[in-house]
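A, B, C and D are the chain letters, set down in written order, and residue numbers restart from 1 in every chain.
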Amino acid sequence: MLETRYYGEFGGAYLPEILVSTFEELAAAFRDARNDAGFWEQYKNMMSTYSCRPTPLTYAENLSAYFGGPQIYIKREDLNHTGAHKANNVMGQGMLVKRMGKRRVIAETGAGQHGVATATMAAKFGLDCAIYMGELDVARQRPNVFWMERLGATVIPVKDGSRTLKDAINAAMRDWAANMDDTHYVLGTACGAHPYPEMVAYFQSIIGQEARRQILHREGRLPARVYACVGGGSNALGIFSGFYDDPTELVGVEAGGEGLDSGQHASRLASAEGTPGIAQGYKTYFLQNKDGQMQETHSVAAGLDYVGVSPILAAMRDDGRIRFEAAMDREVLDAFTLTMEKEGLIPALESAHAFAQAFKEAPDMIPDEIILINQSGRGDKDIFTVADAFSDRQWSRFIITKAEEYGAKLVS
Amino acid sequence: MLNSYLENKLAEKEILLMTHIVLGYPSFDDSLRIIETMVEAGVDLMELQIPFSEPTADGPVIARANQRSLEDGATVAACLNLAENAARTFDIPFLLMGYYNILYQYGLGQFVAAMKGNGLQGAIFPDIPPEEGQEYLETMQENGLAPIMIFSPTTSAERMRYIDSVAAGFIYCVARKGVTGAETSFTHELGDYLKKCRENTRLPLALGFGIKERSDIEFLKGKADIAVIGSQAMRVMEKDGIEAVGGFIRGLR
Amino acid sequence: MLETRYYGEFGGAYLPEILVSTFEELAAAFRDARNDAGFWEQYKNMMSTYSCRPTPLTYAENLSAYFGGPQIYIKREDLNHTGAHKANNVMGQGMLVKRMGKRRVIAETGAGQHGVATATMAAKFGLDCAIYMGELDVARQRPNVFWMERLGATVIPVKDGSRTLKDAINAAMRDWAANMDDTHYVLGTACGAHPYPEMVAYFQSIIGQEARRQILHREGRLPARVYACVGGGSNALGIFSGFYDDPTELVGVEAGGEGLDSGQHASRLASAEGTPGIAQGYKTYFLQNKDGQMQETHSVAAGLDYVGVSPILAAMRDDGRIRFEAAMDREVLDAFTLTMEKEGLIPALESAHAFAQAFKEAPDMIPDEIILINQSGRGDKDIFTVADAFSDRQWSRFIITKAEEYGAKLVS
Amino acid sequence: MLNSYLENKLAEKEILLMTHIVLGYPSFDDSLRIIETMVEAGVDLMELQIPFSEPTADGPVIARANQRSLEDGATVAACLNLAENAARTFDIPFLLMGYYNILYQYGLGQFVAAMKGNGLQGAIFPDIPPEEGQEYLETMQENGLAPIMIFSPTTSAERMRYIDSVAAGFIYCVARKGVTGAETSFTHELGDYLKKCRENTRLPLALGFGIKERSDIEFLKGKADIAVIGSQAMRVMEKDGIEAVGGFIRGLR
């Protein structure tokens, strides 16, 4: 029997028959690992020797003073190896791949962050690796493609559909349907068919475990609110999971893009536009039209630019256990700048959504309160996007000069 | 209804042909012309795919057709219209094929009612395994429509029997791992697989994925009941036009 | 009296009179801090909450197997905030700035790594910040300039001399000679007049302290050899300092560039061309001509491309306490590629020098032995340099396309 | 020797002029012509800078001259030659100025011997504080050459006395914080500073950094003994040619 799991009305495993046995195998391997007393220890140990775990909790003294509101703490997932929380999930799945005895991994990637993390894991674990990436993203995110290739992965540009993240997922599913015998699909977020949401959330829960312990150690009390950006939902689930039994308010921040009325956003939970649907193996809120066709989404942060969202989050929204908000591109860039200038931290544009929402709320809170922001990744990987977002003239001039040098060399 | 039709047909012919098209590709008018051409060429039943933005189980040829059709503005309503038109016009069974979200958005009850009202005989949703499909399966059966279920080379005998227990019409056997449109080897192994399928269902067997030419169909005789032609017919159409499809189909049997 | 200190015949404080009192003040502040029992604890605490300290020690299982030689361990300074060991020094000096009550910092930078680290520290500590950078480097290293500016620093292109690192140091000295009252000069490496070599080595010694403890914890015995790249010498002194009293062999790896005979290198200690001299405030081995004029240097790694070297290392070379070697650009790129593909680690090109030398020696060592390589920084910051070094066509095409987009926008 | 020359001159003139040039800039021939021009215009002594690749204590105008001279192939030998030529030709004291590495590479003993042999009177090395200069100071004194030492506005009275104890010839007082060539304000504060300098040395005081015009020199009369003209003379030369330098110097006093 295909193992399946629902969170409220969301989740499930809407799979083609060809993949059913593969999901059974994966669910079993995950169940085994989880029940294996040593597995989590082994995982934590690997993450503490290969990545930077526990990641630090940074007190944002200057931002706290600036807003005159709550004490602001930042969980530093940006210090992970490869620069984001993605490493937690990918390394964990790598350990499962080894347990299942497979020799190849595939993954989808949008911005390239998850692709680089997967290529890194594949190098470390000695696995073959193919990364599916929408053709548009390949063109836009060349730096990450460059690193994936140098890490030994094959990057496959996907020319179907909108040629972005969701199409890369479809392409990876197609590869997997043909090669499941020796291949594992390293899905990058807490979406997709069971057991992915649960499994990815499990690996990411290391963030929340650490964060709760750290804040109690530092302040002796719990944060009033925890903020995390929400793309697929993995970093949010990761940090939130530490506080499920606490009175802490959990705030998920989606991409508000050009605004919730503009049609240019990726707010599946914070806007009224997301509706329940079934695609890519699972049921959740999607941005879709009345026929159920997925819509194009927009965000300044490629990693939030996705039509679906974790079914676990979808359920927690309906239960009122997590509050969802949207931060607009403009607000995000402001928060990004403020965070850099005040704290010397460069959040990923994704993470900057969490900062933006926290900054909107901080002035109305009191100094006795604590808030915690998850800095899911670092922004220096995004230089092209950031430079473009700020229309940095010096940057364009630099690129034009570089291009002239290259042009001269290509000709000569 | 589908069951008895198949029984009758199978009494006449050693193997039946089912073709697959994507509605609205290259256009709705063309879809109707293709159906007409195929029916005239003697296909025994057809699956009409409602295009979806995320055709995960389809290979490049069909996925692209899904996308084009949507880009040209295909809607579910237009697809149901066309399907009704086909069902009223031609004397073979028509099945809808698509992804489950189409039905889910339409509403299970309404969709099934529409299928029934439109004279369709069943549906194939490749992304709804029986574990997720309880309600769907019941509603289909209650309305006398066949929810076509799928076997694959990775399906265990036990699971085949489980699937069989909820299926109707026929079993769609996926010929190999992978998605539509790639090469399939018509070998001993495929024969063994079909034998296993046969042993684990009471229903006729359709075999799809990768059928391209007469020899493939020849191979299937006695092993499967229905040969499904999908990507290859689309390739012929794309290359040589709708007119060529009739000849291609006739040449298969 | 001007405090001065020699290491063998090297070191000293060759300063213009105008700066003497400033150096006295700095030396005193450093002495005080060092004698303050709480200071080191406070430093370690800051580094563990703001940066990733202790940085992990990664066992390079695949590389060890590949060479069939010693067990290879890698000290992960690349996981520091801002991506290199530079953070250790810069944050430490930041604490001193606060003790001295100054409100502005200046720094030189070559590749930009130290500039970004200093700009980050300045943001965090609320200091004004000016970064001197050779005009050529500004043009070459625009990404780092971009981040420095976004962090709120002013980047000042230096148009004198060879318009590279050493000229940036001169320019920073000039600024300091005018603004010492409120300004501290954050020198980026263990060079310059006393107390810089000692002070920078002190802050970097955190690397060696951790590394020794970590390797003993993991393996219960000491490494046979420790490898570190040597630019100014700070990361090398940092890790080496943990092993001064041990039988461990210390290997410093300089930039061999195009080869030691080519005139295109930066090997002050490993080549016969380095000779004792006095410049930029201190006495050490320099690459200079017979008249004492400094020569141009070359390395694929901008951070190793400097004419001088820490006087502490110069002395330890003469004492035979450290062995110095040079790795050539070509060897470095090979080591870089191998490390990426085998371990999923992206060393900075600087750090890749240490890897290259270790890889040359590993096949002649035995599995019972342990070697330790200091990965001083991460290489993903160097994408332009790396892509150029590998003549990556896809990269040049990407840049050309980008340039066309920018060109169109600049015109429109 | 330098001491008695200065004493005599100071008996004649209220303030002496010392000019500074970079040897080999714009060329060695020009250097000689500039010296000639300056001597004719009545300067009382000169410092001849041997260019160095790292002129840390110099501002942009002089730093650039250092660099140009080196780019044109200036060597220490050529500089010493030119200095000898000047010292033999003109009847004023010449000092060498430069960075300590030049001397260090040449060898302390050899360099001092060469200076002496060439008829030079002393040297200014701004990057060798007394704490580092023991050997240098001794060797200079032993050879009757003046190691000119520096006071700055950040130098304490105590330190001035310490420096004075090892200096000879005169004390070079840096007018303000910063490097050569920037603006100096000729104010009350500068007067106080010179007073402090005076109180803490037995030697004459030269004031350098930022002297540009007659009024500056007027201001210094009675406060300092020697006015040092560096960057401004170089600017005049760069702008209006060597010929203009004579007029500029004459106009200062």
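Some observations on this one:
Keep this in mind: contacts are C-beta pairs under 8 Å (C-beta built on N, C-alpha and C of every residue); 3 or more make two chains touch, one makes a residue touch a chain.
Remember, it's a predicted structure, so these values are computed and weren't measured experimentally.
Among the remaining chains, none touches subunit A as well as subunit B.
The centroid of the Cα atoms in subunit B and the matching centroid in subunit C are 65 Å apart. Averaging C-alpha coordinates per chain places the centre of subunit C 37 Å away from that of subunit D. Each chain gets a centre from the mean of its Cα atoms; for subunit B and subunit D, those two points are 97 Å apart.
Counting partner chains per residue, subunit A has no residue touching two or more of them.
Counting partners per residue, subunit B has no residue that reaches two or more other chains.
The touch graph of the protein chains shown is a line. Of all residues in subunit C, only 1-2, 4, 12-22, 160-161, 166, 170, 173-174, 177-181, 275, 277-281, 288, 290-294 touch subunit D in the complex they form. The touching residues of subunit B, when paired with subunit A in their complex, are 52-57, 59-60, 63-64, 67, 70, 75-76, 99-102, 104-106, 126-129, 131-132, 149-156, 159, 162-163, 174, 177-179, 182.
Of all the residues in subunit C, the ones that touch subunit A in their complex are 48-52, 55-59, 62, 76, 79, 81, 83, 119-124, 126, 139, 142-143, 145-147, 150-152, 337, 340-346, 380-381, 383-384, 386-387, 390, 392-404, 406-407, 409-410.
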